[in-house]
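Take a look at these structures.
Presented sequentially are two complexes of chain A, the first with chain B as partner and the second with chain C.
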Partner chain A sequence: MLTSTNHAFCPGAKPKQSNRRVKKRMWLLVYVTPAIILTIIFSYLPMFGNITAFQDFDITKGFLKSPFVGFMYFKKLFKDRHALLVIKNTLVLSTVNLLFTFPAPIILSLLLNELKSDRFKKTVQTITYMPHFISWVIVAGFVKQMTALDGGLINSIKIFLFGGESVMFLADERFFLPIIIITNIWKESGWNTIIFLAALSGVDPQLYEAAATDGAGRLKQALHVTLPGILPAIIILLLLRTGRIFETNFDQVYNFINIHIQDKVDVLETYVYREGIQKAKYPIAAAAGLFQGFFSFILIAVTNKLSGKFTDISIW
Partner chain B sequence: MSKRRLINILLGTGRFLLLSLFLIGVLAPIYWILVTSFKTDAEIVNVNNITYWPDQFTLDNYESLFNQLDFGIYLRNSILLSLSSAAIVLIYSILGGYALARYKFKSKKMVIGFFLLSQMIPSVLLTIPIYIIYANIGLINSKLGLLILYVIINSPFCLITMRSFFERIPVSLEDAARVDGCNKIQSLWRIIIPVLFPGIVAVFVFAFIGAWNDLLMGVIFTLSASNWTIPVGMKALIGKYNVHWGELMAGGVIALVPTIIMFAFVQRYIVEGLTAGAVKE
Partner chain C sequence: MKIRKESFSEILFNWTAAFILLIMGILMLYPFYYLLVYSLNEPLDAMRGGIYFWPRKFSFVNYRMVWATNNLPQAAFISVCRAAAGTALSLLATSMLAYVLSRPHLVFRKFFNRLFVITMYVSGGLIPYYLTLSKLGFLDTFWVYIIPGLIGIFNMILIRTYIQELPSSLWESAEVDGAKEYTIFFRIILPLCTPVLAVVSIFSAVGQWNSWFDATVFNRNSPELWPLQLILMNMLKRTSVATSRDVPLPKDVLVTLTPESMRASITMIVTVPIILVYPFFQRYFTQGIMLGAIKG
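Right, the complex of A and B next:
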């Protein structure tokens, strides 16, 4: 009341005030600049450093003065049998991983959603979220201990059930993929239910009532009401994960790779680490990184487009 | 009708059993780490007699971890780096999140996209160039170098999460506080911070655990054991030809404790924070 009468008598007051407000808010921009600057310096600018892939890189000369050699290192990369195997391994690993680990949280959240007891539901949720916060190195630690030849739990169970000798699970490349998949399901299924449970809670309860009056049992309700309700979430997440099919999780793979199986199960991340950082062969490692980045980018762009088409949700 | 009821009961029991099985599967390894860390070496490697509870309860593994290996140093490094990087990330996210939530400017969407996009750059594309840059400016094998990386890695996500928490606080709440006679500082302390508390906790824990669990950056950018963090030290232990299982498991317990404690306290805030970001827009 008071301010409005003020305006009537003093027309200049309002614009002055809003002007001051804009000035004040300009300060807010300053708040976000440190984060922007750091992200530019350490996330965006370094990408240009991958120019080493086209250079005979000499660390004393730096990025700017090292001589350019064109696509030499890319040609070298695609002639190298190990590098080709690495690319194939990366694709196989992430595809198989996606195939097996993607349905797990969906099944888990459907099971959780049907539960009548809230307390049991909460307990399951809390406990299954926990592994997400456990470091891969710890996972690798207990897997190595449990599969050990000397007193490993899994080997004891195996001998008890099937007899025979102890197996060196971690030193046998046939067990590499299963170990990656099982540990991934163990670590992330619970956590990944969050998004599906959120989608499930958005399903209109009236739909269930309508289905029930039409004579649908709980199974049919799950099939015809619940599943369609979370289908958009499933599609988006599937597309997002597909967009990253050229990537694997370094922390996970690096922890389960060892000398015995390294030549057979190596993936791009571990290859770049070994060639680039440990052996200091920067150009070839950068070429491998660029190859991966290029295809990742295309895939993400395509899947994002598809997601926008099917679900109206896209990142840009 | 009774047949349907029977089916429902069977379904319910099956569901319960499946979930319980999964629950046991999740908990078993954690239990195993804990129990094994208190066993003697002889008991651990005894193939013929696997024990599910230590026959002889011992703290030797923890003792040798700190006395014979450098776990004290790793622990100190980990605590130092995780706490300081989480604190910096928190300040960043509060400032940046507030700006992005409250100030309306044309390129706001672009700024948010800029942060989101930085999360999508494959780490492989960054490791080699950053390594070379670090080598040039002398940040390899230094705690400062790691600290910067942890801040960079964790801040975009935290900033955007924080923004969604700020957006839940209506501007009218601040205006109301002003009308009631609160000054800026008071309204921040009495109104904004309490409402924002879940966001602050969630962001801090995310940043802390992100740094605490990191292996990639630690392995690449540190050389001498005096700069190692717990995951790097653990990795070295795992890689040893002659692994002392007890020590390894004790190391695992030490690495686990902060994460589990934090998680137990804040898990509901974290989920709230995540879904707040997910449901928005």
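Right, the complex of A and C next:
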């Protein structure tokens, strides 16, 4: 934390100088005010706006004058079979996604760590960071192009290997989860190595030498020295990611959803968007959003606490 | 340093690691290359498929046509404007806030910090956010791209952490001399913050450039305000899964463009600026991410 002392209350400060300090404090407050106003308007006002979920919202009457209906829309939500499927889909998608995508950057950084040539390492890093900066719109475009029926690379390979007809991968809900996972690994695993590589550079080099004199090969060193060395980082990141298990990446999911599969693979984010923004059914969409936000917040708070505990414990 | 004879298994291990990474690198690069080649091929010929490594009939016709249709110059203008204005203004507002919140003699400092950081974990959700912005008259304006996101809390934390780690002796003398806060900020702090500002500006610029959701939600009825990404997104959604097989092309009509080649060339137009820019910021990434990991 900061070590600077509070100058304004220094004993023996001349009154004139302390006057200046007070003035300075006032100016700081002036500087911070616009930011506070912006945050209240764009972050806190919408939180308050969640009362829409308890109202028969009428856009002409607004938040304050629309009549209250209690938990009606929540009850409606939990009786709706599609909404229940959507909640289930959300949890399944984010859990499966976490399980499969989380190990990828760890493996990648262990491999990068083994490279002897710095130049090669840096090149691989530059290349694997690149997809992170590309939007999901473009990634979806890549997939669409590569899985095209006529002459798309994936279908050509499929026909070459297995024969048969071209497959419409994007229009078949069985391929939805695999596509989400693969594209996620493709896009983010390179970028996510940054944090693990930083943790790796903190592993004591003497440990490797000790392991080597004990006759451990490179693979054994990676498994018994490197991996335990970054275990704290792994556990903290895993906890933080688990805190987000109620959320999916709207940007990604929306770009891969289409009318052929949306009834089966819809998740909360896409549901809220379609019902609320496209169909203007504000209360039910707000109810779904609030349900998600509420549980998400609890989970994030719990996992944050846990990771705080863990970091304290892991210090020894 | 150490010179030691490498065993066979060691050599094998080195080469295996390098080989796997080489394959990964190729897998990450190839989609870009594939679309580049596709976009540089004559569109009707490209529909026959089989263009994986090199254009069969090289042609710039896609780019020329695409630029003339779909209101693309307008969309490109919007994209450039929002990336430039959004990044500059957000950088200024965010770094200023970071500075103020790092000052030890700010009253209610802890409370203010909480007030901002909470918004990273709790959000109002899409529908109330939409209704709030529509009440405030932000629908169908360019400013909806800039003002609501003026202060990036994550970026603010990055910059604040960086400032707090600077030795305070750097500006204490200026303070004693009675320098005003904005003098200290603009003359002393800001120049020292170049590395973290570089990270924040690339994050922010890429975010603006890639954004389409705000445009589709808030500016649905103003196509003249749509950025490139939204044009591309709409194009992808429109030709959802359909390919030339589902939509037979009439033989007597001279078709010069196909949806696929149009998509490929717009994708390239949108992607190339990012690919050209981000490598220059690479050396700052680790620092930026680690700062965020510590305090975030």
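Worth pointing out:
Following the convention adopted for this analysis, the second predicted complex is superposed on the first by the 276 of 316 C-alpha atoms of A that agree within 3 Å, B and C clash if a C-alpha of one lies under 4 Å from a C-alpha of the other, contacts with A are read in each partner's own complex, and residues count from 1 in each chain.
The rule we apply is simple: a contact is a pair of C-beta atoms (placed from the backbone, for glycine too) under 8 Å apart; a residue touches a chain by one contact, two chains touch by 3 or more.
Quick caveat, the model's predicted, so the values are computed rather than measured.
On the superposed chain A, the positions of chain B and chain C overlap enough to count as a clash. Touch criterion met: A:286 reaches chain B and chain C at once. By the touch criterion stated above, A:73 is placed in contact with neither chain B nor chain C. Touch criterion not met for A:176: it reaches neither chain B nor chain C.
In the superposition on chain A, A:168 makes contact with chain C only, not with chain B. Touch criterion met: A:268 reaches chain B, while chain C stays clear of it. When the two structures are aligned on the shared chain, A:115 is found in touch with chain B and with chain C. In the superposition on chain A, A:54 makes contact with neither chain B nor chain C.
Once the two complexes are overlaid on the shared chain, A:247 sits against chain B while remaining clear of chain C.
Residue contacts after overlaying the shared chain place A:140 against chain B and chain C alike.
In the superposition on the C-alpha atoms of chain A, the part of chain A touched by chain B in one complex and by chain C in the other spans residues 25, 28-29, 31-32, 34-36, 38-39, 42-44, 46-50, 52, 59, 62-63, 108, 111-112, 114-116, 120, 123-124, 126-131, 133-135, 137-138, 140-142, 144-146, 148, 150-151, 153, 156, 186, 190, 194-195, 198, 217-219, 250-251, 255, 258, 269, 272-273, 276-277, 282, 285-286, 289-290, 292-293, 300.
Of all residues in chain A, those touching chain C in their complex are 2, 4, 6-8, 20-21, 24-25, 27-29, 31-32, 34-36, 38-39, 41-50, 52, 57, 59, 62-63, 108, 111-112, 114-116, 120, 123-131, 133-135, 137-138, 140-142, 144-146, 148-153, 156, 168, 170-171, 186, 190, 194-195, 197-198, 217-219, 250-251, 255, 258-260, 269, 272-273, 276-277, 282, 285-286, 289-290, 292-293, 297, 300-301, 304.
If you check the complex, the residues on chain A that touch chain B are 25, 28-32, 34-36, 38-39, 42-44, 46-50, 52, 59, 62-63, 108, 111-112, 114-116, 120, 123-124, 126-131, 133-142, 144-146, 148, 150-151, 153, 155-156, 166, 186, 189-190, 194-195, 198, 217-219, 246-247, 250-251, 254-255, 258, 268-269, 272-273, 276-277, 282, 285-286, 288-290, 292-293, 296, 300, 315-316.
Every residue of chain C that touches chain A in the complex is listed here, in rising order: 7, 9-10, 13-14, 17-18, 20-22, 24-25, 27-29, 31-32, 34-35, 38, 47-52, 93, 96-97, 100-101, 103-107, 112, 115-116, 119, 121-136, 147-148, 150-151, 164, 168, 178, 180-181, 206, 209-213, 217, 229, 232-233, 236-237, 240-241, 243-245, 260, 263-264, 267, 270-271, 274-275, 278-279, 282, 285-286, 289-290, 293. Every residue of chain B that touches chain A in the complex is listed here, in rising order: 4, 7-8, 11-12, 15-16, 18-19, 22-23, 25-27, 29-30, 32-33, 36, 44-47, 50, 92-93, 95-96, 98-100, 102-103, 105, 111, 113-116, 118, 120-133, 135-136, 148-149, 151-152, 155-156, 159, 209, 212-216, 219-220, 231, 234-235, 237-239, 243, 245, 248-249, 251-252, 255-256, 259-260, 262-263, 267, 271, 274-275, 278-279.
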